[in-house]
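Each of the two complexes below includes subunit A, the first together with subunit B, the second together with subunit C.
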Partner chain A sequence: MSIELLLALITGAALFGVGIYGALSQTNLVMIMMGVELILAGAMVNLLAFWRYLHPDNPAGQMFVLIIMTVMAIEMAVGFGVAIARFRAKGSVEMEEATELKG
Partner chain B sequence: MTAQMFFIGFFGLASVWFGIVVFRTFSMVRSALALLFSQTALGAMFLSMQAEFLGVLQIMMMATEMSIMAIFMVMFMMDPGGLGEMDMTHQKRLSLGAGIVAFVAAVAVAVFVDWGPIADVAPDAAQQTVDLGLELLGRSMLIFETAGITILTAMIAATAVAIPPVKRKPSKGATHHEH
Partner chain C sequence: MNLIAIAILAPLVAAVLILLLRRAPAALSLLGTVIGLIASIGLLTNAFAGVAGALTLPGLPDMPLLLVATPLTALLSTLVAVVCIFVMIYAVGYMKKDDEKVRFSATLLLFAAAMQTLVLAGDWILLLAAWELIGLSSYLLIGFWYRRPGVTSAATRAFMVTRSADLGLYIAVFILIATTGSSDIATTLNMGGSAAIVAGLLLLVAAMGKSAQTPLHDWLQRAMAGPTPVSALLHSATLVAAGAILLIRTAPMLPAETLLVIGIVGGITTVVTGLIALGENDLKRLLAASTSSQYGLMLLAVGAGVPLAALLHLIAHAAIKSALFLGAGVFQHSRDGTTFGKLEGAGRDQPRIFFGFALAALALAGIPPLSGFFSKDAIIAASLASSDAWLLASFALAGTLLTGAYMARALSILWHGDRQKRSIPGLGWMGAGLAGLVTLAVILGAFFPSIETLLRASLAEDENTLAQILGLSAALSGLALGWFISGERLLGPLLPWSQRGFAVAGGMDNLLVRPAFAIARRCEKLERSLYTGVLAVGRLGLNIGRGARFGDERGIDGLIFALVRGTINLGNRARTLQSGLIHREMAITVVGAALIFAILFIPLLFF
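Let's look at the complex of A and B:
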């Protein structure tokens, strides 16, 4: 196995782990979004490493990376839309206060 | 150790380090900047992996995204500078455990799976861009167009959600008829 591929996969795994920690531990909506961004970044590194070291002749691997970038942009747009709506309604984006739908 | 290996390791380490800094600083603006550095290091890692187009795209996109995020931090946070050192975390032990389990599981998969033959040579930058362009406008066109429309829909939806509700006063001449 190539060391470069292993390095990239370990980087992806570490970003994924840090992202999971952030998304679960933060109470602020924007900080949770940062955690999700890191999770997606971890996925992106893996996809690019697989393209480069396993199938560099197939551009579909790069296409997947573009799709992840799109998902990141959509997540930001929708997340900030929700943040603005929440801030306007409640004056804060603290998720511990968002218990309206709690059963 | 080849130069490529060194740079992939270096930028990978930088990316993970700045990713950790995001959740270790009290200042939200510093968090956004740390995420910007993390994503930029990732873009540099892409460049090291000979994906020139995606590397440059990653750096450009993330610079814009994270600058917007920093502005939102200043807008929405009670203490964006982090001077009060407020703790804004919960279920820390559970989150740390989940993060470590996810990391170990992903590394185990990376190490123990046989990934097959490794390709030594990648197409040059110009050829990659040509191939990706043909892929986008050929086999993957439906996915590409769907992604574009999804972004447009998300932008419109996000703007619609963010616009304050307008309270319309009934006009003076209007009367209500009940049947």
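Let's look at the complex of A and C:
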């Protein structure tokens, strides 16, 4: 295993850890979504690293990452839409206060 | 409105008003009786004018309820109303200290209304109903002071005795209606033959019960437990009179055999109860025994075939006996009791009352020109003229003698003794009632000829002089005996017998009441066993039901409810996971993912 791959994997793991920490520690919906973006970014870094250093001739890895980015964009659009709607309705996007859907 | 209806309804309406308003019982009862009296007098004047009133009410099919105002019934109705009004006036004073004037006045008025119905009834069904009503209301009145010892038993005894005798009336009425096919009294009077004998004897039984004839006389003396106005009313023109009135009204129907039995029963009664009165130790009980005795004389007159004489004596006796009772009531208030031990000399306390009492007593004994003389004379003349003259006349004369003796005895005890002056509340009202009745008792004799013309009947005049001499001498010698010799000495060896009521009551108790009680107890036992049987069946059903319910509740319902409860619990558990808090759920996701990761990859590290 080359040292580049190891560095890329460490970067991906760090991104993933920061993302999880952010998603769990933040109470603001926007910040939580940013944590989720970081998690996904960590995953994409891992994928790209494995593609680039192990199977550079196979384009499926690249395709995977492109699809993930598309999904991320859609997720962002939906998430921010929810956040704006909630802000307009309640005047805040603090998730500790959002318990209306509690069963 | 029909006068008959007014005569009956006025007291009834007054009674209802008193019960509803619960105030002014004295004024309302006086008003009711006065209106009734006016209506009765109207009926009587109509009867004198030859107009007979009648009122037909719908009753059973083909048997309408009739009320008729013939001369006889109008006369009796007036008599009842007159006595009622004086007794009501007296009762205002007598009940002045009593707390339950409302109940008293209402019951008395109910009684008056029932009696008017009885007197005016024109058919047997209505007469039966009224007969029962006076029995009921007399029970209520005798038992008025039901808290005092012995009163309820006296009332029950009166009710039971008259009620048992009433069975005779029921059967008699049944025979009469079945034989003639009509319930109209006037129609049934035309019947004859053996049915008439049987019906007549049964009517006699009913009359014996109500008029307290031997051997059914015992209840009347015990009925003295009621208030004195009640005694006065019951004994003069109403309850006790009902028996005699029944026989007087049915007299045209009665065949000779029945008449003889009636005469003998009346004769025995007048002697037996006269002897009881002579040995009595209580003024009111003496008067009660005397009532039986006088009604015995009336039955004797009916038996002798002259119901008119009986009617005249009934009228005279009504005024006299109620006056005597009212006087006795005053003495009772002045000495707090009616035993002769307490009453010695009570006449001297209230000389005016005593004067009225003595006048009434002399009238009852038959001293001219008081009313009792004429009626008693008529009875003695009737008994002399009858076919069994020696028997009936000797009974009648013995009865007259005894009447004089016991009345003189009462007067003598009331007069001889120490004075005790005491003020009596309500003496004015009582005196007014008494004065009115004494006046009637004195002057009624003058009206007898007009009554005779009213009824279009006259008394036999043949042996009148003989009857007058015999009757007067019997009355005078009786009075003399009673005044100078004490009743105890007069009776001699008969005294213990007389004080025990000639053991008639005891005999009745042993012969009839004990077996009746035994039957009643047997019936009760049978009923109890039946009852327990029924109860056991019921309990079995209950237990089956309870078992079924248990199976239902614990078995089927329990299963279903357990399922429901389990589902609900599961739901509750599951719900706690759904907190709606993003962080918690995210944390759970992370932990879950970490667990999956560990499960998937840790084995890879080892193998």
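One rule holds in what follows: the second predicted complex is superposed on the first by the 102 of 103 C-alpha atoms of A that agree within 3 Å, B and C clash if a C-alpha of one lies under 4 Å from a C-alpha of the other, contacts with A are read in each partner's own complex, and residues count from 1 in each chain.
In the analysis below, contacts are C-beta pairs under 8 Å (C-beta built on N, C-alpha and C of every residue); 3 or more make two chains touch, one makes a residue touch a chain.
Being a predicted model, the structure only gives us computed values, none of them experimental.
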Clash or fit, subunit B versus subunit C on superposed subunit A: fit
Touched partner set for A:20, first subunit B, second subunit C, both or neither: both
Which superposed partner A:96 touches (first subunit B, second subunit C, both, neither): both
First (subunit B), second (subunit C), both or neither touched by A:44: first
Larger contact residue set on subunit A - subunit B or subunit C: B
Partner chain(s) touched by A:5 [first = subunit B, second = subunit C, both, neither]: first
Subunit B versus subunit C as contact partner of A:87, first or second or both or neither: first
After fitting on chain A: smallest Cα gap, subunit B-subunit C, Å: 7
Subunit B and subunit C footprints on subunit A, overlapping residues: 20, 24, 27, 96
Subunit A partner contacts - residues on subunit B that touch it in the complex: 2, 4-5, 8-9, 12-13, 15-16, 19-20, 22-23, 28, 31-32, 35, 38-39, 42, 45-46, 49-51, 53-54, 57-58, 61, 65, 68-69, 72-73, 75-78, 88-92, 94-96, 98-100, 102-103, 106-107, 110-111, 114-116, 118-119, 121-123, 128, 131-132, 134-136, 139-140, 143-144, 147, 150-151, 154-155, 157-162, 164
Residue ranges of subunit C touching subunit A (in the complex, touch as defined): 574-575, 578-583, 586-587, 590
Subunit C-touching residues of subunit A, taken from the complex the two chains share: 20, 23-24, 27, 32, 95-96, 98-103
In the complex, subunit A residues that touch subunit B: 1-22, 24-28, 30-31, 33-35, 37-38, 41-42, 44-45, 48-49, 51-57, 59-60, 62-63, 65-67, 69-70, 72-74, 76-78, 80-85, 87-88, 92-94, 96
